[in-house]
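Which chain is which? They are A, B, C and D, in the order written, and residues in each are numbered from 1.
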């Protein structure tokens, strides 16, 4: 398949709720960057975290293999809960990025998602 | 009406919750690719599913008739629940694609939606 | 202010839940096309509704005055509940369009929103 | 890092729920414009608010420092609750903008988010 996407992406939102009513990985509050690499080459990806009041963190390096998807949780990059942040995702091959939050602070779940902002 | 849209689309998110409190089609947990074909020609569409740790599946072929919309559920393409995936949607005429999830694991509903990423 | 936006927009999603636990206008289940006209000229807008299995409806004509926003509910255009649809929004001056659903079938609320797909 | 984003953005949605079940800043109903400035220069930002039936308000001026994110709540700009609005965000350096609402009118939370519409 022909590759699809861009090499630079940004997600201006970023907030991991500090509480969870769920205890499983599926139901704990979390934020995810969904990374699709539809190309025939592995994607070497760097994620930089931007904060409100201190210098950026990272870049966190990861690989999305050719023709694979990776749903990367921000907590697994060490991003703390209950703090505003943003992120920039850079890749050496075109990828597609979508941002999702699951908020389980209450027994009922809340979800948000958006395609990220892409750039050449 | 003049056609609107693009011929290649990607949705990096993809996750069908494994449980549902609702039993009707409307209230079961599901994910949908909403496909709008505003053009005067039928759209022949192929949906390829990307996984975390195995080769892509499909393409699943379907037709969106001229001047019609089709809200295609991923479970009806055979996509399993409780597993990360992404999808690429390719059409022979311009279409518009939006991604939606209904999560009814809890009695309360949660929703997410985003326009998909489009490409020429 | 310089105008911002595009003249053609599409929303591939479309579904008005058939039930509401709320009885006020704010809490009844609904879908809205939010239309921003930041320009100095009134925007003459036409909304066409696309269905799964019948010919498109409309166009529904409305005016968004210069430097004003209009949050147009689809039910107020006569769109029925519990039925898949899509919409195309065309304007004679550039506007910006965002799609939102409030689902109050359960006592808890669910929300989705996305910027629409834009085209020249 | 090379800057990413655009200088003009619009969010056609805008509605702050008038009630909140939560009493903390985290759990009160609110809407936010998340502003990411990944560039090496401070971003001088102006936010203009558009209404249904009166002239635009603002611009509200704020600064997003170089390599920082700012999650700006609309209530902190004086935007009233229970009223439809839209906003245009203009910056002197490229930024990325995402729009989020938390609705806590019910004990359960509801969330929506989307990347804003961007323009040169």
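Here, contacts are C-beta pairs under 8 Å (C-beta built on N, C-alpha and C of every residue); 3 or more make two chains touch, one makes a residue touch a chain.
Since the model is a prediction, treat every value here as computed from it, not as a measurement.
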item	value
Copy pair chain A, chain B: interface residue numbering same or different (half cut)	different
Cα-superposition angle relating the copies chain D and chain C, to nearest 5°	90
Of all other chains, the one whose Cα centre sits farthest from chain D	B
Distance between the centres, which are taken as Cα means, of chain C and chain B, whole angstrom	21
Length of the line joining the C-alpha centres of chain A and chain C, rounded to whole Å	29
Multi-chain contact sites of chain D, meaning residues that touch two or more partners	107-108, 110-115
Residues of chain A defined as touching chain D within the complex	8, 10-15, 17-18, 48, 50-53, 55-56, 82, 84-86, 88, 99, 101, 103, 105-108, 110-117, 119
List of chain B residues in touch with chain C within their complex	1-2, 4-5, 26-27, 34-36, 38, 67-71, 95-98, 100, 107-115, 118
